[in-house]
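In what follows, subunit A forms one complex with subunit B and a second complex with subunit C.
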Partner chain A sequence: MSDQAHMRTEHDLAPGEEEQHSVGTRILGYVVGLVLALLLTATSFFIAGTDLVWQPSIPVALIVLAIAQMGVHLVFFLHITTGPDNTNNVLALAFGLLVVFLVVGGTVWIMAHLNANMPAMDQIMPMRR
Partner chain B sequence: MLGKLDWSAIPFDQPIPLIAGAVVLVGILAVLAWVVVKGHLPYLWHEWITSVDHKRIGVMYILLASVMLLRGGSDAIMMRIQQAVAYQSQGYLPPEHYNQIFSAHGTIMIFFVAMPFVIGLMNLIVPLQLGVRDVAFPTLNSVGFWLTATGALLVNLSLVIGEFARTGWLAFPPLSELSYSPGVGVDYYAWSLQISGVGTLVAGINLVTTVLKLRTKGMNYLRMPMFCWTTLASNLLIVAAFPILTATLAMLLLDRYLGFHFFTNEAGGNVMMFMNLIWAWGHPEVYILVLPAFGIFSEVVSTFSGKALFGYRSMVLATMAICVISFMVWLHHFFTMGAGPDVNAIFGIASMIIAIPTGVKIYNWLFTMYGGRIRFETPMLWSIGFMVTFIIGGLTGVLVAVPPADFILHNSMFLVAHFHNVIIGGVLFGAFAGFEYWFPKAFGFRLNDRWGKLAFWFTFLGFYVTFIPLYVAGMLGMTRRMQHYDVAAWRPWMLVAAVGMAVLTIGVICQIMQLVVSIRNREALRDHTGDPWDGRSLEWATSSPPPVFNFAFNPDVRGEDAYWDLKAHAKQQSLQHDAPEYHDIEMPRNSPTGFVCAFFATVMGFALIWHIWWMVILGGIGAFATFVVFAWRDHDEYVIPAEEVAAIDRVNLEERRSLVSMAGTV
Partner chain C sequence: MSMTATAGRAHADPHHIGLVIEHPGPAPKRIVTAYGFWVFLLSDIVMFSCFFAAYAVLADQTAGGPKGSEIFEQRNVAIETVCLLLSSFTCGMASIAADVRNRLWFYLGMAVTCLLGLIFLVIEFREFADLVARGYGPSRSAFLTAFFSLVGCHGLHVSAGILWLLTMMAQVFAKGFRADVLRRMMCFALFWHALDIVWVGVFSVVYLLGSGV
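Right, the complex of A and B next:
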């Protein structure tokens, strides 16, 4: 399948296939990613235990940090870029996110409404003998 | 030592499964003995069982589906007879047996007939249509097939050893929980689906990657044949949806094996969550099955109308729209669960919206036929039969998508009639159309026309006689899965449905006869051209059956309907190629990885069902070791020398040239 392999590198890259960068540049990328990831993790642990910020904002801050963490992983470790050779990966990621959003969001919404046809608890209680 | 397994697992007191099991066992042993005595075993092992050739794997998928279709069909016949006779009596099937039969029927027909049939056709045809030599991951493909076969084997094993689930094809809790189903039936169900589910996921990943990454020169997205587009959409859905099924069944298994409380009645479990999750997979599953069928009809209608597909781009758009919207409608399977008018209304409207892209497709097929010179060959008959039948099924579907109507029709025979209407009329007719259409490509000879048309007419009419009465019975208030009943008004409709089942059975017999007759007359039916239907896409550009490398040269594509273009050019210039320069071709080596992996998966699955823990560990280690051995392989490709390629391709070119010159004189 040599001609196909050749064709592939001409047009776009399969997931996991690297463009020919020097080893130094690649290591630098991973190191930057690692430092950022560690920084975000450390910040999360710090914020969770601190009383320096307004308490109710802590969960929001943790969510923001978690999303940033995902971004770091996607960019530095999974090499999702906006380049034209990466359209498939970006689209696959978008489709995945959409499905997760639909299924998780839909589930939460459905499960929260399951008792819509039931009388409220204070009406049920007097019915019991 | 043997967990829950002892002699009481064999149902000596029930003659039907025992006799059926014995007959099947004798049949299998007879075939095996014949294979061994005739010395076909090495051929079978080297050319089929260990094959990583996508065409061979596709054929094996379809063979598996066909065999399981007979099993699922036998279940259907038994159910129809039971409901025909069980008026104010117990019928001939005791309730616990009847419950196993309808559960097995649904499970088998969806997971081991419809799924392998469409995956088999996709495997067989998509690389040929894309003009490439193989799929992206050939060995993984083989693993996927054999894991699917493992699931099928475990389901059939339950006939003789132990029992199958009595819970319906989706094993709803709390009935499927340990307290209400203490036997091994649900475990057989869950483990066979877990194992075959891995196989399906693997097949999905493989086909998505193939369509996205391996296309021949010039085959950009908007030049791909429609079947490749629907394959892409369907496999994207597999990749997105099957993990939900796996996770849901895993939670049910944790409940059953380790005393968790995800879906139990007590300790904070919530059965509604199971319905929600299983249908979040279950609805996309419907489109996983029917989208490839839509692709097949697109190919067939365009070929036999002698026209390019009408509205190709709108068809692509409709396919991808269905792909996304199919994840927004799952609640319509449980409107009655009580989510209230807001939620029900939104999901009801979404369900009606998904009918729009489907309608677009129907109009595109009609306009493709309009003004075309239609040849009513067997695949075309199945396609036209599909359009009529599927529209009726679609209309009753829009009806049950209206929540107030659904409250009346939910779990009635009307629903049973509706989903058989779309699955038989859509998926099965599509699978048969694809089977008739691509059979000459796979084996190099056509199928007998007369028996094919008889099979179509008997199946088509038999379908209506069987399922229209079920609509009526549903309207009269009959619920599904009844082992017996006392309402006189339902009786005549059940009798008519049983007659319809007989007609359907004749259809199946015609289908088998067609195969037998065609194989006996294969020399007369031989197709030398590789293009028996005057096709339009690249699978017809190579010989039938295609050589192992599919194409001596990866074709160069300049527009939609790639092969039609090539033919048109060749006719215009009465083109005689100079002898092209051939190159060596590297192909992946065959590998027993899939078969060995599936063997250990079978051992592990069986042991898990019967709680034989040492055997579970053994099977697990075996499967992992197989994987390690495969990962450390040294040679994964072999070279077909240029001379051999040239020799094979010259024969193909000769045939084709005489065809072109003949066409040129007309």
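Right, the complex of A and C next:
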């Protein structure tokens, strides 16, 4: 307990740590996160199998829903918020996301172009000999 | 904020921006540990992003083998997803219980988390065993290699998480809620929630997008 009382005078929060310490509000935060995540998950699974919507929109919808759910997890379970006491954690997250987007986006972009610009494998094989 | 209040603390607020900057010295160990572990988790997520990139590139390279839509069972994936989501919730309950030093709820929350994690692993293992038995093992096509390495890597993380979870229960049993045990518990909760975030990517990109193609 003394550790936590000491904490409140600091202007930093560890990742995963919350600002308020009342047990009721903390549990409520997890419940809200769980309900939101369940709703988003159910929507994802519903959207994936439905023919109610325009079919080419489904992949985009799934990606948007996934990013929204990751946001819900970050805020309600990992307690990464935009508060001033969370700056270090958010900056680390931002750098991590930058690398993730460079890796995934760059790979998909480059490999799709290589794939489009390269002759098919059965045309390459006779050329090599 | 009144002038007298700021004047009293002028030495701490040299530019009178109304923000008192105290210099409390180095951050407490709790913050340093959790921050370091957060950086590790982000690097772990970067590693997963490489597997995701490989899967995205290789998803169509089935080499005459099965496509994703022919081997994925959405019902199993839905059960796995709900298991991991609920286990993330119970893990949160266990970390609240650890913060208020409530042993009963801590053990209960961790036990339920462990059980849900094990259910997840059993379903995933049976899916893998079934695929291999049908001749669709990781060596069948580039798509299946990427699939097994991405989903299997997440499964290995969950297995390691369950070992860590049991260690935490044993440490609380043997040592009580000491400061160092609570720090480890905090890192474990971060790890478990991060695994759930990775799983959101897995079920959306691999299973749901894959079964539509």
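Worth a mention:
Throughout what follows, the second predicted complex is superposed on the first by the 95 of 129 C-alpha atoms of A that agree within 3 Å, B and C clash if a C-alpha of one lies under 4 Å from a C-alpha of the other, contacts with A are read in each partner's own complex, and residues count from 1 in each chain.
The rule is short, and it goes like this: a residue touches a chain if its C-beta (ideal position, glycine included) is under 8 Å from a C-beta of that chain, and two chains touch if they have at least 3 such contacts.
Predicted model, so just to flag it, every value in this text is computed and none were measured.
Once chain A of one complex is fitted onto chain A of the other, the partner contacts of A:118 are limited to subunit B, with no touch recorded for subunit C. If you count the residues of subunit A touched by subunit B and by subunit C, you find the higher number for C.
When the shared chain is aligned, subunit C comes close enough to touch A:78, but subunit B does not. Legend: residue contacts after superposition of the two complexes on their common chain; A:109 is shown touching subunit B, with no touch to subunit C. When both complexes are overlaid on chain A, the residue A:38 reaches subunit C alone and has no touch with subunit B. Legend: residue contacts after superposition of the two complexes on their common chain; A:27 is shown touching subunit C, with no touch to subunit B. After overlaying the two complexes on the shared chain, residue contacts for A:50 are found with neither subunit B nor subunit C. The residues of subunit A shared by its contacts with subunit B and with subunit C are 3-4, 7, 14, 88, 95-96, 99, 103, 107, 111. Here subunit B touches subunit A in the complex through residues 132-134, 209, 212-214, 217, 236, 240, 244, 270, 272-273, 276-277, 280, 324, 327-328, 330-331, 337-343, 554, 583, 585-588, 637, going by the rule given at the top. Those residues of subunit A whose C-beta lies close enough to touch subunit C in the complex are 3-4, 6-7, 9-17, 21, 23, 26-27, 30-31, 33-34, 37-38, 41, 44-45, 47-49, 58-59, 62-63, 65-66, 69-70, 73-74, 77-78, 88-89, 92-93, 95-96, 99-100, 103-104, 107-108, 111. Listing the residues of subunit A that touch subunit B in their complex gives 1-4, 7-8, 14, 88, 95-96, 98-99, 102-103, 106-107, 109-111, 113-118. Residue ranges of subunit C in contact with subunit A, taken from their complex: 22, 24, 27-28, 30-31, 33-35, 37-39, 42-43, 45-46, 49-50, 52-54, 56-57, 74, 78, 81-82, 85-86, 88-89, 92-93, 95-96, 99-100, 179, 182, 186, 189-190, 193-194, 196-197, 200-201, 203-205, 208-209, 211-212.
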